[in-house]
Amino acid sequence: MSKAKFNVAMIGSGFIANVHSNAFRQVGHFFDIPYNICCKVICGRNRAKLEKTGFRWGWSELETDWQRVVARNDIDAVDIAVPNALHSAIAIAAAEAGKIVLCEKPLASSLEEAEKMTKAVRRIPNAVWFNYRRIPAVVLAKQLITEGRIGQAFHYRALYLNQSGNDPSKGNTWRYKRSEAGMGAAGDLLSHSLDLALYLNGAIRDLSAMMHTFAPHRDVDDATLLLSRFANGSIGTFEASRYGVGCQNRNTFEVNGSKGMLGFALDDMNQLDFFDATEPANLQAGRRIAVTGLDHPYGKNFWKPGHVLGYEHPFIATLGDFLNSIAQQEPFHANFEDALVVQRVLHAVERSSASRAWVNVDEIPTQPTIKR
Amino acid sequence: MSKAKFNVAMIGSGFIANVHSNAFRQVGHFFDIPYNICCKVICGRNRAKLEKTGFRWGWSELETDWQRVVARNDIDAVDIAVPNALHSAIAIAAAEAGKIVLCEKPLASSLEEAEKMTKAVRRIPNAVWFNYRRIPAVVLAKQLITEGRIGQAFHYRALYLNQSGNDPSKGNTWRYKRSEAGMGAAGDLLSHSLDLALYLNGAIRDLSAMMHTFAPHRDVDDATLLLSRFANGSIGTFEASRYGVGCQNRNTFEVNGSKGMLGFALDDMNQLDFFDATEPANLQAGRRIAVTGLDHPYGKNFWKPGHVLGYEHPFIATLGDFLNSIAQQEPFHANFEDALVVQRVLHAVERSSASRAWVNVDEIPTQPTIKR
Amino acid sequence: MSKAKFNVAMIGSGFIANVHSNAFRQVGHFFDIPYNICCKVICGRNRAKLEKTGFRWGWSELETDWQRVVARNDIDAVDIAVPNALHSAIAIAAAEAGKIVLCEKPLASSLEEAEKMTKAVRRIPNAVWFNYRRIPAVVLAKQLITEGRIGQAFHYRALYLNQSGNDPSKGNTWRYKRSEAGMGAAGDLLSHSLDLALYLNGAIRDLSAMMHTFAPHRDVDDATLLLSRFANGSIGTFEASRYGVGCQNRNTFEVNGSKGMLGFALDDMNQLDFFDATEPANLQAGRRIAVTGLDHPYGKNFWKPGHVLGYEHPFIATLGDFLNSIAQQEPFHANFEDALVVQRVLHAVERSSASRAWVNVDEIPTQPTIKR
Amino acid sequence: MSKAKFNVAMIGSGFIANVHSNAFRQVGHFFDIPYNICCKVICGRNRAKLEKTGFRWGWSELETDWQRVVARNDIDAVDIAVPNALHSAIAIAAAEAGKIVLCEKPLASSLEEAEKMTKAVRRIPNAVWFNYRRIPAVVLAKQLITEGRIGQAFHYRALYLNQSGNDPSKGNTWRYKRSEAGMGAAGDLLSHSLDLALYLNGAIRDLSAMMHTFAPHRDVDDATLLLSRFANGSIGTFEASRYGVGCQNRNTFEVNGSKGMLGFALDDMNQLDFFDATEPANLQAGRRIAVTGLDHPYGKNFWKPGHVLGYEHPFIATLGDFLNSIAQQEPFHANFEDALVVQRVLHAVERSSASRAWVNVDEIPTQPTIKR
């Protein structure tokens, strides 16, 4: 019953590093995993934050230089939880050192970096923390779509709104600087919506986008809106904003199809709305499914039916699935290639906004060395 | 195509007389009725209010003495929309004069009066304005129960809460005086909940009730709570209050049965909640049916699917059904006998509250002359 | 107390003619109006439908030729409730005959027609039935915006979704033919959303739109999506579709501003969502206002607090306000000029969709004779 | 920075032992605690379950005899997570051995046992896992009540409904046997509602209750309903049922007071409904507060504003607060005395149901040795 040791290095000590740390601590409590996770070293530049996060989650060692971490022989996996602009150097170095690589979304601060990173991890198990794919309600949505329960898709619409941009105290973090984040709401919020759209509704063909900055001196978008056509014939609208005053963390999607409709909202993350248009007319109705049952995705991993999950559980599920995929040498998604597709759409969004024209996503140039 | 004339006399000129007047004006626009309704005379004691209401709705004549109205040969139907304590004298006189009688709920201010009234109208078409029975969502609930869609009933629970009692400006109306209203929240609000419960879930066997008055000098109940057993084996809770601060007009019921659940709330009156426990486990969910479809009750009478109804429409439907029942000599519900059952339960409520003991509803004495 | 007679001619006998007829019948019951409304003549080409609608609402005369109606001296007002392509000829003829003109939305089936119509009614009282402006919750939203309660606007988003297009039985009506309707979802649904946006959030500067037809042989749009910039600096998204399966009549808008947020949904039309971002942080929350109080718009016209309104009430309020505006010689909105602005935006939408480019609304040519 | 060791023994290995284990594992990640928690030994009779739970949560040792556990010198705290009828022997033995005692609710399977237990722990830190007290929304409700934001209480109503009783597969567990559970829905569900009511609204004076068993051969209540009067003058209704088909875990309360209303539902556990009746009439509304902010209870312990908590977090908060109360020698609630009050009300419920009469809670005899 003794399991292989799995030594983890966390690069980063901010909010999301805490969320990842929790996942490493909790994954074995809820998933049968073939490894004995060891929280070996945490690395960060801000000493106070590093000590606090390291101590809080019981990381064995503290380190301030990520290159030393990546160079260690005793590290199996590197988890990247730092500002976007730092992702590529760390990911590429870790991959070159043969480490398993996990990376926070968005994958990179530019398409070029994302392509290099994706190339670098080609032969290495890799994952991107698009955690919302593993909310049970989202997985159920995917199942229902795959089963044809909503038929041919007509409309996809997604919102991701928070109000952080309207808060003057937020404006100075790395998330509001092009040099560190690459993009604003588009990278931070829209990337989540796009990943879910690609997962649930397939490839995006072309789009018309508007990136807008409300704050006078910011060099990233505060809000990004877009219209799109999907390869499956449906059409979509996306809106991501840090000026959605009244919305703290409103991440929603809806799909209308020939046989029904699905709807999800992160602030009611344990529920999925489903309208079945094939039922008798007098009973057709939106039904709100509490996705906490034993027959639901991850229903046997966490608590009991009717006992709700919170923000951290999809991270735990992401990690649980990733660890098992490594052991079973099976594909895992979202991986760097999936995240690269998001990055390509984000690039198309930037082009469309700059040119005030529709942009065909497939025409965004791809490095020929990247096989996909 | 010429229809029989149907001369109506309205007794009362307050809020509810306005609602009834609207029903008389509108019924022919939404229901095929065999009569040519004529709003002949309206009768009230307050001259200013009488003129205002009479003029507003186009009543042909104004009158201040109801006895003169009842004595007229040219009146086919008398509609009683005055304080509760006045119902019985008018209803009995109208019935004795051979008039069709419509009466606002609750039927009377005492069980004794209600029994006399019911006896008086025995051979005359009669109706009580328990209008909520004809909300489309409520009729759909009844249909689903009758079809066995929720199976054997276990629980029935009803609330009817408003906040009028906490408003000092309201305390002086007839509704807050035993001499005019008979009861407080029990007659005003609980009577509605009981009528719906009897309609949807059948007879009440026994009950334990608490009537409570919060205001220092009032002689009627501000709130009435009760536990009950139904003849069908289910158990119930009821709460009616004028101190439900935060609730303007919250009239709800829920039924849990072996196969599902139904729920209704008046402030979302176009919707019925239905949980079907016979569906596959992973899709079981509360569904919120918008009861505005062509296949729904009254779906062809009013607007189009998705176009909502308001407070007055169930009154119009009540009147439409009643007029057709007269022409077709078919039974109509809620009639005086139905309302008498409500009155008997209200009487049991008073007894139980006074005695602090369970009361068997069937043991409430009934006049032997009333055949039911 | 005798009032001036106001003879109305209704052109049309379909669904919306019924809704307008109801407004003429009910307006005097809920509004103090200075006229004695007379439902004089109804005109339609389908004899059976004409008779049915005429009889249902008590129109005194039936007519099949609208030109004869417009030529009559005894008609004060002409109400146009026919397919879009017929609006302009009737409106212009009625205006030339000196009639007051009311017209169903959208104003016309083309911008050119709309401009001619608007010019024709310049000196005549005129109204367009953009009825949703007079939902109490919408008026309250307008009041709160005007009072500055949500501060500077950042985002406006609107949906108008129904599922009629996915219903094969619907495809043959005039609404699905360019020759009769001019546009599809854009004219039918988006026009409502645009009118509310212009009313609540002001002028639209430029836009990028996509019109899409899902059904193989239709020549109108089944869905129209657009991104926009408003003159006030906010940015907007609009989506109108007849393929919104799962949505019967889902007309919503939301506005995020620097101080708060407003939200409305037609299927909960008695409620307005308001988030006040100036409150103490721990109590900030979306509040759902039941807009049925005495202090609310139209609160004294209809029923009591907590007693909900339905689909027809905003039509009654539109008519009540219009009649009073005539008597008091005050401006009334939405009038033909307001509807012309909507039509201009719709025209820009068509151009943008055709050219796959952003279009500046102000660059849409306007007839110089129209002073605005 | 080295902390005192705190050796825990868990008695039980079922569902709730897993939930408690999670709390012991997680408490240090979210709360500053003065101890170094050591999950020393877990004890259970079912070897397979014991091994599974012990291994899952990393308990150092497995044990099958609780008496051996209690006798160990190296155990600081004993946590009781076994069927109700076993609570008292373990708690008393642990207390006599000087251990800190934590006990799952309800405290005992009879009032007599509860009194003995409470006496036994008099001088020892003790806690009962009434975890719902520490849901942030519930704590905020308590704060608002304490601040007088809802004024004088009029009504308290609580539901706790699940559908487990209607599931034949459930009937054989200890929860459905008087010998092991003491009571059915009353102990399992109503105890939670009562604890919250006592916490939020104060003492219960008297009550009228109905305990009902739907299943033919069960000797515990499937549902318990009650009416009550509180010491503060308000009146209450409670309904707890395992036959609430359609409700998986519906635990709700509402309080109406002279100045406002509060409402909570466990399936939306991150939200609190608050109606402030002191606001201007036109803005009065139910507001739904997302209780995830930095200014909210436990807002700094868990994630970020807008990032929701799940079922396990209140357990973690309960443990965090308890551990700090021990170190600071401050009172902790809910403790055994608090749970004894619940047990006394449950006893009154049984008496009332058996006698079909109102029962005064203060007349339930109390052991004189218990000072409260």
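We call the chains A, B, C and D, going by the order they appear; numbering starts again at 1 in every chain.
As a convention for this text, a contact is a pair of C-beta atoms (placed from the backbone, for glycine too) under 8 Å apart; a residue touches a chain by one contact, two chains touch by 3 or more.
These figures come from a predicted structure and were not determined experimentally.
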Response to the item:
Those chains that touch chain D and also touch chain C are A, B
Worksheet, complete the sentence: Of A-C and B-C, the pair with more C-beta contacts is A-C
Discussion item. Among the chains here, which has the CA centroid at the largest distance from chain B's centroid?
Written reply: A
Discussion item. Taking the mean of the C-alpha atoms as each chain's centre, how many Å separate chain A from chain C?
Written reply: 42
Fill in: Centroid spacing, where centroids are CA-atom means, of chain A and chain B in whole angstrom
55
Worksheet item: Using the average of all C-alpha atoms in each chain as its centre, how far is it in Å between chain B and chain C?
Response: 36
Worksheet, complete the sentence: Note: chain A residues in touch with at least two other chains are 286, 290, 293
Discussion item. Under the definition above, what is the set of chain D residues touching chain B in their complex?
Written reply: 150, 154-155, 157, 159, 161, 163, 166, 208-210, 212, 214, 223, 225-227, 229, 233, 235, 237, 239, 241, 243-247, 256-261, 275, 277, 286, 356-358
Discussion item. Could you list, by residue number, the parts of chain C that touch chain D in their complex?
Written reply: 140, 274, 280-290, 293-296
Fill in: Footprint of chain B on chain C - complex, ascending
15, 19, 22, 25-26, 28-29, 56-57, 162, 248-249, 267-270, 290, 292-293, 302-313
